[in-house]
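By letter and in written order, the chains are A, B, C, D, E and F; residue numbering begins at 1 in each of them.
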Amino acid sequence: MKYGARNKMEGTVTLIKKGTLMCSVTVQVPGPSEVSSVMTLDSLEELGLKKGDKVRAIVKAIHVLLVKD
Amino acid sequence: MKYGARNKMEGTVTLIKKGTLMCSVTVQVPGPSEVSSVMTLDSLEELGLKKGDKVRAIVKAIHVLLVKD
Amino acid sequence: MKYGARNKMEGTVTLIKKGTLMCSVTVQVPGPSEVSSVMTLDSLEELGLKKGDKVRAIVKAIHVLLVKD
Amino acid sequence: MKYGARNKMEGTVTLIKKGTLMCSVTVQVPGPSEVSSVMTLDSLEELGLKKGDKVRAIVKAIHVLLVKD
Amino acid sequence: MKYGARNKMEGTVTLIKKGTLMCSVTVQVPGPSEVSSVMTLDSLEELGLKKGDKVRAIVKAIHVLLVKD
Amino acid sequence: MKYGARNKMEGTVTLIKKGTLMCSVTVQVPGPSEVSSVMTLDSLEELGLKKGDKVRAIVKAIHVLLVKD
């Protein structure tokens, strides 16, 4: 499986917070650091995600903002 | 300085590729891994970025796609 | 502090609406006009935002859609 | 015509920069301030944009990043 | 009305799910297939959307991720 | 493979336009209609895409703008 995006990180789900329509999923990636994703509860259910699951986090480079002091 | 985004990574610029209007900037972050950002050449000039510069990469959680095998 | 984005507006927070996971923040910017941002409650807490705070609203040009009659 | 987005600004095209595939369009909006949009040359051609044209710039609130000192 | 985006699909609203701040709207487009949009409840109200309404779904090409097996 | 996004369409690559840094890829999906994606040439190379290839186009619902007459 190949993705048309520059940023791909593998990690483990450590936290799922559910709202009424959306949720946030925190993924521990090597570093150590964390990546957070917000999606609909429908997508969460479709992924069937639970703590400890291995996932890949994908981010298109155009969505990355660089900031310099 | 505080950012209204869940994902913030500090790193060092290792590569800048310029197109005619846009450019991509690769940032080495701890892990070790890399983050790539695409922006306009105007933004690149405004940032004054060059290899070796310290930058922060910011990504709103809504832009992160999770994929599961 | 410099941002790798074309659109940067300074303004004052006039309204914060909280959902269960996300929130929206309205910012009065010169014009007079308003800019709205949606983020997680976690990001809101980290920003420590309240009405009357001065903030900067950042938007990458790629996220701006132009429409013509 | 109504848009499912929180941020809508009307203005006048002041600058078009063309790359090989993408372009940037600068729009003067009340303030006085400017908004920049990046799109494909295909979209530019479809819009038929030229300097002086009246356009509307649309930004979903989720694409607005707030920053606080 | 012309849009500076590559992807434009017309369809009919078939489902609206409301959260506390955000909502999701499902649109039946030719195919047959569905397109889902997430927006704020404020935007939903401004659109005045209800089941059966005709709408257009707009997506900038930069937001489309391609995946290949 | 499961994706944390509401919109997933399968199709066939019909056109690839290359710029100096970015490219656009047009995908024929059932309908009949087309979906366009813009990505970096680096991502295109990594995908190894060519005309006729089968791909999946993924779009998070938050990136879909609805418009109503």
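Convention: a residue touches a chain if its C-beta (ideal position, glycine included) is under 8 Å from a C-beta of that chain, and two chains touch if they have at least 3 such contacts.
These numbers were taken from a predicted model, which means no experiment stands behind them.
In this structure chain B contacts its sequence twin chain C using mostly the same residue numbers, the overlap exceeding half.
On superposing C-alpha atoms, the copy chain D sits rotated by 120° relative to chain F, to the nearest 5.
Chain A and chain E, compared by their mean Cα positions, are separated by 23 Å. Our note on geometry: chain E versus chain F, Cα centroid distance of 17 Å, whole angstroms. One inter-chain figure worth recording: chain A and chain D are separated by 29 Å, centre to centre, where each centre is the mean of the chain's CA atoms. Multi-chain contact residues, meaning those touching two or more other chains, occur in chain D at positions 1-6, 19-20, 22, 24-25, 36-40, 42, 47-49, 58, 60-63, 65-69. In this structure, the chains touch in the following pairs: A-B, A-C, A-E, A-F, B-C, B-D, B-F, C-D, C-E, D-E, D-F, E-F.
The touching residues of chain F, counted against chain D in their complex, run 17-20, 22-24, 36, 38, 62-63, 65-69. Put simply, chain F touches chain A in their complex at residues 1-6, 25, 37-40, 42-44, 46-49, 60-62.
Chain D makes touch with chain C in their complex at residues 1, 3, 5-7, 9, 24-25, 27, 29-31, 33, 35-39, 47-49, 53-69.
Residues 1-5, 19-22, 40, 42, 58, 60, 62 of chain B are the ones touching chain D in the complex.
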